[in-house]
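Encoded as structure tokens, the structure appears first; notes follow it.
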Amino acid sequence: MPLLEVESVSKAFGSLKALDKVSFKVEPGEIFGIAGPNGSGKSTLFNVITGIPFGPDSGRIVFDGVEIQRKAGHKIAWLGLARTFQRETSFDKLTVFENVLVSGAYGKPNRSPEEERAGALEALDIVGLPRSRHGRLAEELSVFDRKCLMLATAVAMQPKMLLLDEPASGLTRPEIETSIGLIRRIADLGVTIVLIEHVLTFLMSLSQHLLVLNQGEVLTIGNPKDVIADARVIEAYLGTRKAAV
Amino acid sequence: MSGLLEITNLTAGYGRIDVLHDLTMTIGAHGNVGLFGPNGHGKTTLLRAISGLVKARSGSIRFGGADIANQTPRSIVGLGLVHSSQGNRLFPDLTIGECLALGAYTPRARAQEEANRERALKIFPKLGERWNQKVRTLSGGERQMVSIGTALMSNPAMLILDEPTLGLAPKVKEELCRAVLDISAGGIPLVVVEQDVEFLLELSQHLYLVNHGQVAAEIKPGQTMGHADIMALYFGQ
Amino acid sequence: ATIKIGLLAPLTGPASADGQEYQRGAQMAVDELNAAGGFNGDTFELVVGDVKDQSAGNVTSAVERLLGDPDVHFMLTGYASLTNFEIDTMAEAEMPYVLAATSAQTRDIIAPDPDKYNCCWSWTPSFDAYNTDVTYFVEKLAADGKLKLSDKKVAIISSDNAYSKTISEGMKKTFSEKGWTLTVDEMVPFGEVTDWRPILAKVRENPPDVVINTDYLSGNSASFLNQFLEQPTNSLVFLQYAPSVPEFVELTKSNSNGVVYNLLGGPLFSPKNPRADEVAKKFKDKYGVESGTYGLALYEIVNVYHDALKKVGDASDHEAIMKAIGETDKQVVAGRLKFDPTTHLAMQGDDYIPITFFQIWDGQRTLISPAAYASGEYKQQPWMK
Amino acid sequence: MKADLRATPGRVSWKNEAALVVTAFAVLALTPFIVTDSYSRHILIMAFIYAVVASNWDLSLGYGGVFNFGHLALFGIGVYAYGLMTKLAGIDPWLAMALSGAVSTIAAIVVTIPILRLKGIYIILVTFGFAQLVMQLILSQSDYTGGTQGMVRIQTLYLAGHNMIRDGKFAYFYIALAILFASTVFLRLLVRSKTGASIVALRDNEEYAVSRGISLVRQRVITLAASAFFTGVAGAFYAAYQRNASVDVFGMSLATIILSMVLLGGTSTIYGAIGASFVLTIFAEVMADFGAWRPIITALLIIVVMLVYPSGLAGIWASARASWLRRREG
Amino acid sequence: MDAALQILFGGLFQGSLFAMMAVGLALIWTTIGVFNFSHGVMMMLGAYVAWQLSAWSIPLFIVLPATMLIMAGVGWLLQASVVRPLIGRPNIVLVVVITTLAAASLVENGVLEIWGPRSKQLPTLIEGNTQILGVGVSMHQIAIILITPVILGALWLFLNRTRLGLALRAVAQNEDASLLVGLNVTALYGLAFAIAAALAALAGIFMGGYRFMSPVMGADPLLKALIVVVFGGLSSISGPIFAAYLIGFFEAICSYYFGLYWTPALLFAVLILMLMIKPEGLFGAKTRGLA
């Protein structure tokens, strides 16, 4: 049974159809990539799945056997669905540790305080934020650390599925390498990952399935190698030269 | 040997902390300049110091002969030194059209407004389609397009781009690359900060590695430099 | 040594115009007393506690500050709080206290147990006359043929504050007892009212014989009059208190011609009571502006204290001073001041402090009732036919 | 290395903070033996009341980022709840004081409903409107509340065998101090807990917080309700202490003063608001003889402090501490 | 018929006063992103300046522009002293609340010291009363009702149809970006405050000729303006203008049918309801940014 099932989901802003009858399935344990031109509706797709800040206009979304298209954002999170945002986001006035602690405590309720703290430390260890930085305010961190922190807050929720929106944008090569390793490690913990990315190397080296959106519609979906060889994808998204990558 | 933009012994930073230490750099002598280096080591700060957003604590910045260190950003833009800033959130409540109009605010740019608008719309036709959409509601990549478009509207004599490809789809990146090269071929030198090394290499012949607020390495046009070498520079810091 | 007199006054905030006047009146008296050699070689000094916006916290702070000064032997105010709750504190501290604030509240606090409140005496007489005498006044005008009543209709407008509300309620009662009908009965929230138009529209729909507004804020009252006169009805206009404030005439200019108001405890300008003119003139000479009710009242209150002090001889004997104040019986600007032992309010009536009716003409205030003191007669208001 | 599972890195440790608070309150508890005149004690009592109101406001305004301009209405509700309960229902004053806190809490929950979907500055209007509506309600029930005349001679608190009226405000001082202490401990425990962190998280980034499983509705209700209880108790105490209630507690001028305390002290610290309450209350009294110059000087002082230290007295404290640490190291 | 006309005049008149105040507040919000709590005292000070000038027997047609100019200067000064230095600091919205409140107290008490506490009145714009369809109105009010839309219209055109207006709307949204396109940020902030203060002064002159002036006269209009601005939505200035007239009419109707007493309560009840249904203000655009 797929972990996430998106069925004919649509979302419009005025006359603009940001998502138009999008359907796909994500199997448990896989890394599922999403690509597409700018403004094709990728972030909007994450928004409607997580209900933050809005759900879909129509369509059905089933996560882990539960229909979620009408659920409030925090309740969807409790089901084990975590996401990150396209820009680095953090709770600026909380310390690094508190950022993670509060996410874990509320994202996965009903644990003892000790478990919550242990979980937070573990999440920080996974993303590789050293102890020396746990006491810093989140706003003081560098871009890369903030991205890691955002990931750590998601990991601390011990989610079943993680939606990542352009985790590699703005990163240097070495940082991209690090991130790839990091995401693999998270996947190895049994977390299913859905990944939006424009950095192709990143996307290609991680995803097992690739979906390409174009103008709110699914252009194609399938094995990454085949997908990027698809003429329509090259035409709409990749452009001529990058097709070779 | 002198360039269009001469930076000598520049020190700048925020609050109590210096980010740039005694940095010296020549821009424009060997064509377009590319800056690269690890995150958080002062590339953006350098660009901000050039365009007057950050005070130069010591040292000088000369543009076309005039010292522009600690001039107001307004007068620097007035000279044609135009900066499209990193992760620019622009004017969230203005429409795309209004943003571009603001780009042509300086008297220098006003004269060329028509031509510049056409040029920007040719590179990013999407902006024309969304002319009256508020910036706040644009997708990440679309915002980036507005940001660069606005810079082009300022009729630059020298164009500074801070991570212009951030969040852009490969095809748009490619088109941007071509367009920017066109612009620079028209006699407008570029300064580009970019993490995408291919893109950087394509645009610029003259590279600086910025590390710890200083120039750690300089690669001049003649020196051939492959992808692998740059990687080595990164990792070898 | 100095004998300090504590004044509670809103020196800042919305009531600061009154507060400043208290201070001037009291200061004038103190200066006079000192010029006359003080008391047994002691000089007087006025200390002011700013009650700011008159909230309970600010009043208490000011009271405590003055009570904390061992040289303060007497306290006075025009009005300090809305509720006069400070009377209780004064009683506990055994501090002689004379206030001019709304007498209804004062009476409610003191009357149940007057002996407990020997400290405190009210310059202001009972307001009962405010409730009844406008009706009597109007009916007398009618009886004298100075006013034509068509069918005994009255419009009464009030503001949501203790003073205006109590009076308007009383007026309504008296008017209806006398067989009048109420054509408009409106209350406005307390505070600035910019636009009286909606209410005036109702007044005009069914023109009454008498229009009464008990909102005492001079600005409100002035704009009410100005707006009424944009399209007047054939009605006698009576405004509570506000026209007695000096700037009322400035705000309304010629519009104020003919307006009628009444006062309890205000200056009784009449040949029969020369003291009012005398004190008012002194005030004007000293400060260059006319005094309203409070400047003169506070001047007199200081003098009442001085009389008591002379009688007792020792400022620190608060007990005796309180008693002596309670026994006051003298002619003051407002008439004859004598306190009612059951309520501690000044006594009211034509022989004591009368309710006085005034009419304004060319900026001058003419006393038109009671007849015993009157210096002129009621003349038809200019807009009436 | 085994991690200490209780420490919160980057924050002052529990132990140190507790020691500081206890010391500070112990010092305060000794002041009645130094200042014996009832006027000074009165000023301190007022400062304590203001400190409670201001620091609780800091919880919703500073930590929660909820522009609750109806906070003073919660105080006013406490005032009237106490007055009505003791006067009409004859409830024991001490019990009435606790119940007033509960009534304010309920009122806070009610006002949270309309502001759930609102953001930032829009909340001002609704909360302000709420305050006005409460005031209208009190005014309209003048048979019970005295309307604009207010209520006088409200029941005071009592202590068996002790005359609270003629003790130079000795007993009231300690009651006020105890309320402040309880409120401060409660607020600090709350803001340092994970609930506190979730409140800040919602303020810093609502959508991100929701995506981390934090319920906007629940936490906002908690924030306002928590900030209401001691505010209501303080209102009840104020009524018992002044022995009267009038609607001027709903007015703008008291709100402005308390708001100055919250902001001058520096938001999101609790202690800042308390410190500023002391400073402003005492300052206003020291300057009492300056007439209209007093507000002028106070205003200048506030402006200067805010220009130099936008994070208020807390900012002064922080930079003083930093420079002290530097000097000690350097 | 009479009543309807009364309501019409009342609504137009109150609406004009509200609009004149609110628009300055909205301008400062949309340009600088702060609420100026000294907007009320700017109005008050404007009235006093005009009063002082008239007291020196300067004719009204000079007093009017002179006061607006002087107050524009004061507005500029205000932002330079208590707003501008705070731009870019954390928490600016709250900090500016307190600095402008303090500035308001400063000005209010300064006026109290200089001109004393007693009420004063300004000359009316035009003397006398007139009858329109059997309803009496003062010429002063008619003047206000007619002048206000002209000024507001001009302001709207300035903001939406000129380059400077565009710059003014943009400047607060992102200071860095503003600098990078060559805006003179300092001057624009100053300009916003100057325009707002001049409009407030004009409202003060309207008010002072109609009612009376006192050092505290600004408090109520400020509150009303705040309500109008939030009610109308903060994203533009046309929202608050419409809202001002709407609230003006609402009050006129309510106070006729339910009495002045219940009007504030009704107004708040309606506002709260409206905001529950439309959280971004009546005319506010429903735009939610992506994270």
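The first chain written gets the first letter, and so on, giving A, B, C, D and E; residue counts start at 1 in each chain.
Assume contacts are C-beta pairs under 8 Å (C-beta built on N, C-alpha and C of every residue); 3 or more make two chains touch, one makes a residue touch a chain.
In this text, all values refer to a predicted model and were calculated from it rather than measured experimentally.
Student: Once the contact rule is applied, which chains count as partners of both chain B and chain D?
Tutor: Common contact partners of chain B and chain D, which must touch each of the two, are A, E.
Student: Based on CA centres, what chain would you say lies at the far end from chain D?
Tutor: B
Student: Of the other chains, whose C-alpha centre is the longest way from the centre of chain A?
Tutor: The chain farthest from chain A, judged by C-alpha centres, is C.
Student: Distance from the CA centroid of chain A to that of chain B, rounded to the nearest Å?
Tutor: Whole-Å distance between the two chain centres: 30.
Student: In angstrom, rounded to a whole number, how far apart do the mean CA points of chain B and chain E lie?
Tutor: That pair's centroid distance is 42 Å.
Student: Taking the mean of the CA coordinates per chain, how far is chain D from chain E in Å?
Tutor: 32
Student: How big is the gap, in whole Å, between where the Cα atoms of chain B centre and where those of chain C centre?
Tutor: 75
Student: Which residues of chain C are in contact with two or more other chains?
Tutor: Each of 12-13, 16, 160 in chain C touches at least two other chains.
Student: Find every residue in chain B that makes contact with two or more other chains and list them.
Tutor: Those would be 137, 139-140.
Student: Residue numbers in chain D touching 2 or more other chains?
Tutor: Touching at least two other chains: 205, 207-208, 292, 295.
Student: Show which residues of chain E lie in contact with chain C when the two form their complex.
Tutor: Of all residues in chain E, those touching chain C are 2-3, 6-7, 9-10, 13-14, 17, 109, 112, 116-121, 129, 131, 135-138, 207, 210-212, 214-217, 220, 251-252, 255-256, 259-261, 263-264.
Student: Write out the stretch or stretches of chain C touching chain E in their complex.
Tutor: Chain C reaches chain E through residues 12-14, 16-17, 19-20, 160, 186-189, 191-195, 197-202, 204-205, 218-219, 222-223, 226-227, 229-231, 246-247, 250-251, 289.
Student: Which bits of chain B are touching chain A when the two form their complex?
Tutor: 36-40, 87, 126, 137-142, 144-145, 163, 166-175, 195-197, 231, 234-235
Student: How about chain C: which of its residues touch chain D in the complex?
Tutor: 11-13, 16, 48-50, 52-57, 60-62, 64-65, 67-68, 81-85, 88, 92, 105, 108-109, 160-162, 165, 190
Student: Please output the residues of chain D touching chain C within their complex, sorted ascending.
Tutor: 37-40, 42-43, 46, 49, 139, 146-153, 165-166, 238, 242-246, 248-249, 251, 253-254, 285, 288, 291-292, 294-295
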